[in-house]
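Consider the two complexes below, in which chain A is the common component and chain B and chain C are the respective partners.
Now for the complex of A and B:
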């Protein structure tokens, strides 16, 4: 079903007993209890967690240890949550951020690089 | 992926050639290079690209001790206004 690492030499056996469902951009997915959002989405074959606010380029997991914020999503209405650190609970609503209307970049074009 | 479009600053998508060009054209100090290209002003607070921006700028200018160097600015992690001063009825 997914490429989850079931038997990890250090972490041991993955507890697959409790599965939960959550929604990502209004689509329902299933995952393991307390799995990180980023890992659950990856297991469901989703790597694009958000799009860059300015250029719209797809972004996903980068550091996966909560340092770079590339995986930031909106969880139950709270913005800027790190998908790689947030454990999943039943019925969590995850929404990814997208390109914003007004961009910052033209500011620099007008001021000459 | 030629050398010139390597992304140095992921958050603001500033490329290597953009930084080199700006540094060469304006002989910038690191801080000035940051202000001109936005490299280091992104959501991660410049953690990923700070050193690269520093070294690119210092290729064309001498390290000037009187200049404020690029450093980590508080808050260490992004903080929403809600967390700062949320009004709870």
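Now for the complex of A and C:
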């Protein structure tokens, strides 16, 4: 499913000539050269970029200008990169983050503390 | 050390300052964490009263090309994490290196106020500015059908931009009033804040109404009788008597729960309905993005008319700290044209200090030009912006009187 705005009454036609491929959670997608990871994923219909470290709730982009850090993903092995600020390059490996262990909290819940 | 002026922020203020300084023959570095130059100007797209389109991408490109031609070194995709000063030398810390300078300009712009509502962390909920950038800059639809929460200048302008890209907007409406959202959820407050932008509304209803509503009695009457289904602007219903109480969806946005509210913003029980949507925009307005000025130790003042806390500065865009300057939305929320004027003033200020005060005349004229641009601005984010600037002058005089005592 493509969500791209190809024709625009004022901004004109979108240049789609330079494409690349990248992976998100090991699945290959195509993108436009130099667009942000966030834009490319949204264009591919993907809105959930990570799951919250503690609650596990799904998260996507919020501010799209690098301020809220909601879109943080792992890029080529580097954690905590903001998908909205990172331009894609050919072959980039993007991985979303997931829920982490909450041992103390779980222990407390299981022991009625 | 080669003394290059450093500018943080490649938006309209930062780029104009860079052009101004570089045209005087000085070296300049501009640092920005975004991947494209232009800042918030990039997403802007609206028709001016003379029929010309203000296209942020074209305007950003003009500034970028001009700066490049003058040899300005623009470092994109480079976040600044800290600034500090020692013996008159400012250090600017980035991921890759530390830059040093005697003249540092902060042109970091603005960010959006969040309006927390139940369900707002669901994928598909984003700030209205995020939807604008996705649509106009990246040319990706934020979704097929959206609800915009928060009625203000920014949200109505962006609603029209989304519409132009063939994205359906179900309605623009209020957030439910809570301790955080407060006035954003009160119809009378919102109506008040909208009156000064009524000239932008194509609807005869709003234009006519706004003249009547200069009087408080009529304002109250206007809210009480405001049609429950709203008035339409660019074919989008604007609902001042409805509020979103929750954003719903399983794993991502599927719609919103919306209820009728009384003029005080309280939900009328039994009026709840569900509006289907695959994305939701939250529009809480802009505030000056000033963390680096805070880290540096600038004194701050909260000035409602300027959009929040601003670092203390004078008309020459000098902060209270030697060698540190500010320009653009960090000094108060205004349009890009004002930001460019401020960038020019800051640039002249820096060049004037580098050239032993030979640019006084140009500087004074640039300050006047800024005021003129402010008075004639098509989009004003706060009706009393000039009053806010007067307050700031007063604080500046008070502060300087106190420290020189």
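By our rule, the second predicted complex is superposed on the first by the 94 of 113 C-alpha atoms of A that agree within 3 Å, B and C clash if a C-alpha of one lies under 4 Å from a C-alpha of the other, contacts with A are read in each partner's own complex, and residues count from 1 in each chain.
Following the convention adopted for this analysis, a residue touches a chain if its C-beta (ideal position, glycine included) is under 8 Å from a C-beta of that chain, and two chains touch if they have at least 3 such contacts.
If you're wondering where the values come from, they're calculated on a predicted model, not measured in any experiment.
Shared-chain residue A:42: touches chain C; no touch with chain B.
Of the two partner chains placed by superposition, A:21 touches none, neither chain B nor chain C.
When the shared chain is aligned, chain B comes close enough to touch A:80, but chain C does not.
When the two complexes are overlaid on their common chain A, residue A:30 makes contact with neither chain B nor chain C. Of the two partner chains placed by superposition, chain B and chain C are both touched by A:57. Of the two partner chains, chain B is the only one touched by A:104; chain C is not.
Look at A:10: by the touch rule set out above, it reaches chain C but stays clear of chain B. The larger set of touched chain A residues comes from C, when the choice is between chain B and chain C. Legend: residue contacts after superposition of the two complexes on their common chain; A:72 is shown touching chain B, with no touch to chain C. The contact surfaces that chain B and chain C form on chain A in the two complexes overlap at residues 52, 57, 62, 67-68, 70.
Touching chain B in their complex are the following residues of chain A: 52, 54-55, 57, 62, 67-70, 72, 79-80, 104, 108, 113.
Chain C makes touch with chain A in their complex at residues 33-35, 40, 45, 53, 55, 57, 77, 79, 111-112, 114, 121-127, 129-131, 133-136, 138-143, 164-166, 251-252, 289.
Residues 3-6, 8-11, 14, 34-36, 39, 42-43, 47-49, 52, 57-68, 70, 84-87 of chain A are the ones touching chain C in the complex. Against chain A, in their complex, chain B makes its touches with residues 10-13, 18, 21-22, 25, 36-38, 43-44, 47-48, 78, 80.
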